[in-house]
Amino acid sequence: MPPIDIELEKLKIKLTEMWDLVGLQLQTGYEAMVAADPELAGEIKKLGKKVNHYDLKIDRMCENFFALFTPVAVDLRTVLAILKINANLERIGDTAEGIAFFLKKQDGPLDPALLEKTQAIFMYEEALKMFNDCQRAFADNDTALARELIRRDKVLNRIFRKSDNIVLSFLEDAPEKTKQGFILLSIIRKLERVGDQVSNISEEIIFYREAKVLKHKGKKKEKE
Amino acid sequence: MSKNYKLEAKDVNAFYGGFHALKNINLALEEKAVTAFIGPSGCGKSTFLRLFNRMNDYIEGFRLEGKVLLDNKDIYQKSVQVDELRKAVGMVFQKPNPFPKSIFENVVYGLRIQGISKKGILEEAAESSLKQAALWNEVKDNLHKSALALSGGQQQRLCIARALAIEPSVLLMDEPASALDPISTSKIEELIYTLKDRYSIVIVTHNMQQAGRVSDYTAFFLSGELVEHAKTKALFTSPQDTRTQNYITGRFG
Amino acid sequence: MTNAQLNRFKDKAFQAFGLFCTFFGLIVLAIFLLDILKEGLARLDWDFLTSLPSRRAARAGILTAWAGTLWILVMTALIAIPLGVAAGIYLEEYGKKTRMASFLEINIANLAGVPSIIYGLLGLELFVRQLQLGGSLLAGALTLSLLVLPIIIVTTREAIKAVPKSLREASFALGASKWQTIRMQVLPAATGGIMTGIILSLSRAVGEAAPLIVIGALAYVPFVPEGPMDEFTVLPIQIFNWVSRPQEAFLINAAAAIIVLLCITFMLNGIAVYLRYRQQKKVKW
């Protein structure tokens, strides 16, 4: 194996580890939300430190790779993709911490009816699934799966767009739960961000595999 | 014809005796742009480059099919005088090859053989082409010293100056920096960058980064075939052919 | 003895053997030179160089012989150099590499190895008899030209071949024609090599006796030649003639003449060595 491939492999492994860490943060957030366990939320914060460490490490590795191997073509696109995916993952990690922050403010479990109505649990599950699928798409170079993820992000967006009206009408009936409504809305907004980040990562995967830039392109072009 | 290209090859096939060196090449090169030819050794890129100033004519058993056009004129027609062609198409070689004469005589050699011997004209030409080749300041006080006393990088710039002195419109460069150290190389590259405003430049190089740094277009050759020709930016970020990709990322074979 | 020791021993052994071989030739040559010098040096004086030949050893000189040698040298050079160099240039630069060309090439190389007496016979038939030049300087010079021509052609070709292709290409690429390239680049760069070949071949011609005897050069010429059609003799013939006499005094004369002949050839070789040295120093590609 040429040295450039060995180094690339190292980079990919580091990124996968980072991915696992951020996945754990998200997963913990989900469990914290469902089980209403503020201690778990504290866990996320701790993981966050590790994630930041990884983020810096991967940045530095990419920098070295550019300097030493002056990559072109698919190598160049791979490192660029890794660099951007790394940034996206770091942001997802931050988002998970954000969710933890709101969960800690909550005393006691969230209102089940409200969760049901806003589809928040489903949304979180879907986001988690997307996140894990995205990792698989990267590992297997599965651009078809990556494309599917971009479409699946729309589901999250739809839930997000409906959520404020649902919460508002719920609060009209139960104004004493304003805080809960606010927290839930915040979490939903965070989850929507996770969907966006996953969608961005998917675009990076497609870019590096196929050299096609999907970013900022209309839906029509993407379909061809 | 929709567009006028500076150099054009149409259905070009070339043979060395029984060896098929270039296979069905169609390629059009833009005016006042730098085009890089890349590919592994023996892929035919140098042979192809040498078609444009008919340098292959001297090789025993060389045969050409197809057309090679300069400014839309076939340069392999009987009516074309080779020495006239070479006034329009200059060439710089892989190893610096100054004549064992003075710097001045090297630069004006092309003019002298045209029969120009007026001192004023020669001096003017020498100064302007040495300036173009970014060598003037280094040699202006030593014009009559032997060219062989110059460093390798200076010699190569002298060879460029010598080619420029006959005012060609095309400059062919066959791995011009492959025998030079990094500093001289970067000077040559800088030079190519400035020269493209006035000349159409074709450069053969084994150094992929060099192709990326200096060229506007890149053509990739493999075993006598033209595999891919595209803007350099496109070719180096997203080559369309896997063979190109394997070559430029160093995973060949 | 281990393998490595054996190898080291072999190395040393070959070194010693090589040293012996080198000195063998040198020592024989030195003995020969010393012998000649011992015998001839005393006889060598101004009179010896400026006297005409004579039946009496004490009065005999080599004026006609070295004058004849000089004549032959100059005339051979005038005939052989232009012919040989031009032929070499043609064969190397213009001649197409056909089968005919390689046939010619092999034969020229063969000619360089033909015994000189055979050239003498050719000269006798062609120049002396057919062209009726008689035993003149011209016939002699033409015959020796034939003898050295192949050497000059071969060395010219070698010298031209040694001029790097890059120099030619540089000239062609600037629009020079073939002749311009040859005249302005190839020949100047090859001059040293060509000159070396010419001088070595001339020094060979100077030493030749056999072909000249065959065409009828005389041993006893009581006058210095004044034109190309005059009869002549040369140093080697004079030496041969003296050596074959029974009297001791003539043998001493021969030794003195040999010293003069050796001086001429050493001088020519010296010039050749100097030219080669200068060329190597001048041009570094």
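We call the chains A, B and C, going by the order they appear; numbering starts again at 1 in every chain.
Heads up, the rule we're going with is that a contact is a pair of C-beta atoms (placed from the backbone, for glycine too) under 8 Å apart; a residue touches a chain by one contact, two chains touch by 3 or more.
Predicted model only: the values in this text are computed from it and were never measured.
Undergrad: Chain contact graph: line, ring, star, complete or other?
TA: Contact pattern: an open line, chains touching in sequence.
Undergrad: Based on CA centres, what chain would you say lies at the far end from chain B?
TA: Following the centroid criterion, the farthest chain would be A.
Undergrad: For which chain is the distance between its Cα centroid and the global protein Cα centroid smallest?
TA: So the chain nearest the centre of the shown protein is B.
Undergrad: Can you check how far apart chain B and chain C are, centre to centre, with Cα atoms defining each centre and the answer in Å?
TA: Chain centroid spacing, chain B to chain C, equals 47 Å.
Undergrad: What is the distance, in whole Å, between the centres of chain A and chain B, each centre taken as the mean of its C-alpha atoms?
TA: It comes to 52 Å between the two C-alpha centres.
Undergrad: Find the geometric centre of each of chain A and chain C from their Cα atoms only, then give the gap between the two centres in Å, rounded to an integer.
TA: Spacing between the chain centres: roughly 92 Å.
Undergrad: Which chain C residues qualify as touching chain B in the complex?
TA: Interface residues on the chain C side: 96-97, 164, 166-167, 169-177, 180, 184-185, 188-189, 282-284.
Undergrad: In the complex, go through chain B and note every residue touching chain C.
TA: 53, 55, 58, 60, 83-84, 86-87, 90-91, 93, 95, 97-100, 109-110, 113-114, 148, 159, 162-163, 166
Undergrad: What part of chain B is in contact with chain A in the complex they form?
TA: Touching chain A: residues 208-209, 212, 236-239, 244-245, 248-251 of chain B.
Undergrad: Give the list of chain A residues in touch with chain B in this complex.
TA: Where chain A meets chain B, its residues are 2, 4-5, 70-77, 211.
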